[in-house]
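The letters A, B and C name the chains in turn, as written, and every chain counts its residues from 1.
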Amino acid sequence: MLSVKFGFGRFWGILGFYSSTNMRLKLPITCFILQIILIILFGVLVQYDEDTDAKKHHHGNHSKTKPDIENDFYYRYPSFQDVHVMIFVGFGFLMTFLQRYGFSSVGFNFLIAAFSLQWATLMQGFFHGLHEGKIHIGVESMINADFCTGSVLISFGAVLGKTSPVQLLFMAVFEVTLFAVNEYILLTHLGTRDAGGSMTIHTFGAYFGLMVTRILYRPNLDKSKHKNCSVYHSDLFAMIGTLYLWMFWPSFNSAITEHGDPQHRTAMNTYYSLAACTLSTYAMSSLTAHDGKLDMVHIQNAALAGGVAAGTAGEMMLTPFGSMIVGFLAGIISVLGYKYLTPILENKLKIQDTCGIHNLHGMPGVLGAIVGAVTASLASKEVYGEGLEKVFPEVAGGHRTASYQGGVQAISLAVTLGMALFGGLIVGFILKLPIFGAPRDTTCFEDSLYWEVRKPQSHFSVQLRRNDCGKNNKIMNHKHQQMIRC
Amino acid sequence: MLSVKFGFGRFWGILGFYSSTNMRLKLPITCFILQIILIILFGVLVQYDEDTDAKKHHHGNHSKTKPDIENDFYYRYPSFQDVHVMIFVGFGFLMTFLQRYGFSSVGFNFLIAAFSLQWATLMQGFFHGLHEGKIHIGVESMINADFCTGSVLISFGAVLGKTSPVQLLFMAVFEVTLFAVNEYILLTHLGTRDAGGSMTIHTFGAYFGLMVTRILYRPNLDKSKHKNCSVYHSDLFAMIGTLYLWMFWPSFNSAITEHGDPQHRTAMNTYYSLAACTLSTYAMSSLTAHDGKLDMVHIQNAALAGGVAAGTAGEMMLTPFGSMIVGFLAGIISVLGYKYLTPILENKLKIQDTCGIHNLHGMPGVLGAIVGAVTASLASKEVYGEGLEKVFPEVAGGHRTASYQGGVQAISLAVTLGMALFGGLIVGFILKLPIFGAPRDTTCFEDSLYWEVRKPQSHFSVQLRRNDCGKNNKIMNHKHQQMIRC
Amino acid sequence: MLSVKFGFGRFWGILGFYSSTNMRLKLPITCFILQIILIILFGVLVQYDEDTDAKKHHHGNHSKTKPDIENDFYYRYPSFQDVHVMIFVGFGFLMTFLQRYGFSSVGFNFLIAAFSLQWATLMQGFFHGLHEGKIHIGVESMINADFCTGSVLISFGAVLGKTSPVQLLFMAVFEVTLFAVNEYILLTHLGTRDAGGSMTIHTFGAYFGLMVTRILYRPNLDKSKHKNCSVYHSDLFAMIGTLYLWMFWPSFNSAITEHGDPQHRTAMNTYYSLAACTLSTYAMSSLTAHDGKLDMVHIQNAALAGGVAAGTAGEMMLTPFGSMIVGFLAGIISVLGYKYLTPILENKLKIQDTCGIHNLHGMPGVLGAIVGAVTASLASKEVYGEGLEKVFPEVAGGHRTASYQGGVQAISLAVTLGMALFGGLIVGFILKLPIFGAPRDTTCFEDSLYWEVRKPQSHFSVQLRRNDCGKNNKIMNHKHQQMIRC
């Protein structure tokens, strides 16, 4: 290890890279290089699709052009914006629960999401099929890019507080790539149905992140344990994230289903799954506390498990009845996970899962995949009528039976788990290289390592030094929790 | 009273029910039983409607199927999501203004909304008309369910801080049922127009809640008075709620109007009503303070009264001019209510209305109903043209005159007031039973009764005990406002 | 100056107007008069347009009526709501970064936006063309009114903390008027393309505001400097504003483009511009700090510059590649502005720009205008095909060449700058009149001047006075940052 460290030291030394947590060069260089590569690749590879291009949209004579209202924009843009809010506000604020890590939670979420959606456009475009060597983009590709980004942000939840922004960007580079490969195998090769991404997004993101955090295991993390806490208002900020995720999950699951009844149905199934999940979450949270008091961690997270678990079967004829059962179970599983499984994972398996993504995305994702497999295997022309083609084109076309489709769904879960765990293993070891400026064990869960934050101030120093509070004046009194930035 | 208490004590004693505020069994059992009943009833009664069912949507040959873009989803889903945000973030955060009751405000709002929307689907489906014994659901029923939920949350505002979550769930059970009955009488029997719910939602929810809080009157509530306050940041959180309600109210009022011009017109009327209301609110807030300073309570609440007051007439040809007059008056009435009427209600009528719902929903709701009645009575073919059929089908069809319709609207207000007050009376007495774990007079407006909250900490104890802040370590120092949860 | 002051003193003295900061009469009278004028003018001038009027919408026989789904409502309402959120939550919360000015930031933003959107409806309606003496309104006019409001809020950012609400209302009266004139010259007379308002909204609002704050220069503003700071949670509140602006900027730029591919394309171009801008912002923020730490000011503001800079060219065939280059540069320029230009503007040019609008709206707006001019001059039938008519009708119609259009775009920038600077000069001097109750140098950036705010409290006083915290009891202990309102 030491030799690796010094070997890299020589190579990166000139640039100030090395194990220092100072981001002065590391972060700008990483951002600039990544963004310039993205711009070049976009210049070479990316084109407007039929619905966004001025010329292609108006081919031939006017009478043959489809009416403007049938532009995919009007079918999908409202859903896209809901998904967009989930990615940036939902995930971002959900993670602000930590008392001194709000800037990083919402800020690094912002950074890696802005990067990932560009990179995902390329990776997904490449695997989903080129058009004469070009990637065609429109609102559907934007939604898909946001979806892929969601997967990265799930993994971020596992390593929250313990990684530098440069580590996170590199994690995103690799994870987006693997996500696209896995999605390609499932959707294109196997013909799997997974509109809401129980497998491709949640299961993948969760187990990838869990493996990464396992590899990055910190035996001395308890040195920062006192900062791995929430305060009153940070929990309220986190509820903003929770509620936006909860409210817009119906849009998430339905965003890229077929037009018409599948989109409508998916949104409705998810709505009822989430509602049922919320009641079972409150019940379990109170039941598992010796004094019956609700735990904000459960409410913030487990109440969302119903959306994850409806990700695959949501577009199918799951019925509101079925959706509610799924959501109900997801909430129970998730709270139990937070209460009993997370400590075991941490103590026995050395998996330090900051946000408990195993409980919110991991187990509910697997549940969703299983529900999807079962529901698919029960599909029939009798239930779906002509609509079967929209949901199971291969079954409707007679190329496979419903139970075969169910089997494919189950295999897809296994493939996803394998890809996620293997990928996380490799990427975890890459991220362990001492060149990315990871925080030390004593400075985890702490904004001031990467952000300009005025140090906590006592009132007395406020009183005395009021007029000195100039641009660069850092007041160093630690007595008070409140931090001031001038 | 004592005998009732002990009588129930014997019955529920085994389960740990009784007047204890410990929710360990009360809350889980209530949630589980309610949710399981819901699931069973959904299984028996609920089906997809034509626009959500895979089979029904594609009946007969393809050429007869309506184009996907005419699926009701694309007409209403964006409005639905706006309404959804109002219910969960709008109402939830509006009530976080209390300094130590943010978890409960946003958390209990979440719980009872998640329950109510399921229960409302059943109740409204039952009364709005069964299809061969089944309830058909789609995006419109989802909006209606959210509307009904809104009514429950209005009532929640009156009893905020003084009720246990179990009480709130039981209140929701009864209120949703009565809401559906009242709505059925108005919309189906009387042919009342009330798209934005000035009567069915706001007037009903407000007077129901006021009656409940009257029955639950606490003579010694001043024991908790020091907690019935806002702090600086809690007022900012509340503004999140206010703004989302304000911005999306045009979507709320227009969400279930007829397609096309009525939906468009309703949104616009509401937009102008709210804008005018905001100016009169600021004016009145400053005018009624001896030092001219604005009061956050008014801004947070009264500025919304314009949306409430445009709830009935919004879909009619009220004109932006008319809408602005309505909003202008609503803002004035609402601020005057907060300033002068609320203290009278509390001191003389023993109505302890935590959020002042009488000023935001009660009076403006009645105003909206009256404006609706007047506007309806002035409807004519000359003004509405062929569009009369969409707004007043009975008048357009010649079954009643415009002034008759106006009379029906006025009667509907009376019916609603009667239902709300009578219902609130009964439900208030039910909720008074000592089995629901209501807080004591000294522990109202206090999250720590029902939520896992680390007790307030002084800085000194932070300093000294930093490293002990383990999972279950409660620091009990009361000197500091900030609460930490680890 | 003295004589002017006393001259006005005599005139306004009776009404209690004068240099007092007490708003008791000033604010109510201003609000009431403005709102009543608005109502009267709406009554006289404003009518529903074809898509909102019940009669006009259903003219002639039914078969000739366009289908409901083609009502402009369904094309534009989701975008309108996104813009609406940007105006009220985006701008409002972006400015809550100041530690003691959150109520005013979000509250005055609310007030002047509610006024401006009404006034803008009239001014824009007047200039955009009357229909037999009437202004016709619908969802498009609502979006335009919100756009104009955005311009006023940009100017608000420059004078934030240093102006009374009455000053702001008067600023809005004049700025909206000038905005409409400038917009009229550009869009109607010159045939300029500026769908996302790089010029009409951002450049105009920024330079107008900068000139106003220049005229209102306060040499002794450093007396309030200690309050011109952020605290930890105020920065998180500001991030809510940032993220909503960032997420919905694609909707902003595309809200009033032509239906179909232009709307779709604009949203997508803006999406990629913003993503690239975010990475360059993070890079520059870290690079320009000696310790490599990110600065919240940059993240909150500069990351949005990509949206501003894509305002003009967004609807053109800019390509995602071009959009990303534009966004990338905008982020760099903006951070450099915050770091190096703002101090120069303040010290040398006496421009005290509280929010740094020159860096977020000024320079990126000019960049956007230039990019728009260049992109327009490169337009050709080859690239746009039949779609040329939707983006450049005059070029498609053969009335002007593409390079001529480019020249027009460049001239439009000069016109806008001239109008903004000249207008700001005049309006600045008007606002300097001592009748509007501007704060004194020592009470800038302070909510308690205009808002009912309980004074900061120490814990000890909390302990001792807990039970006295009645309705009108102000606790005056200054030791503690937390303010309580009861």
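Keep in mind that, in the parts below, a residue touches a chain if its C-beta (ideal position, glycine included) is under 8 Å from a C-beta of that chain, and two chains touch if they have at least 3 such contacts.
Keep in mind that this is a model prediction, so the values were computed, not measured.
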item: Any chain that touches chain C and chain B; value: A
item: Copy pair chain A, chain B: interface residue numbering same or different (half cut); value: different
item: For chain A paired with chain B, centre-to-centre distance based on mean C-alpha positions, whole Å; value: 32
item: Shared interface positions of chain B, touching two or more other chains; value: 69, 74, 78, 233, 240
item: Contacting residues of chain B [partner chain A, same complex]; value: 22-32, 34-35, 38-39, 42-43, 46-48, 51-59, 62, 67-69, 71-74, 77-78, 81, 84-85, 88-89, 92-93, 96, 102-103, 106-107, 110-111, 114-115, 117-118, 137-139, 142, 165, 233, 237, 240, 450-454, 459-460, 462-463, 466-467, 469-470, 482-486
item: Residues of chain A touching chain B in the complex; value: 69-70, 74-75, 78, 82, 99, 225-226, 228-233, 235-236, 239-240, 243-244, 246-248, 251, 259-265, 267-268, 271-272, 274-276, 278-280, 282-284, 286-287, 289-296, 299, 303, 317, 319-321, 324-325, 328, 383-388, 390-391, 458, 478-481
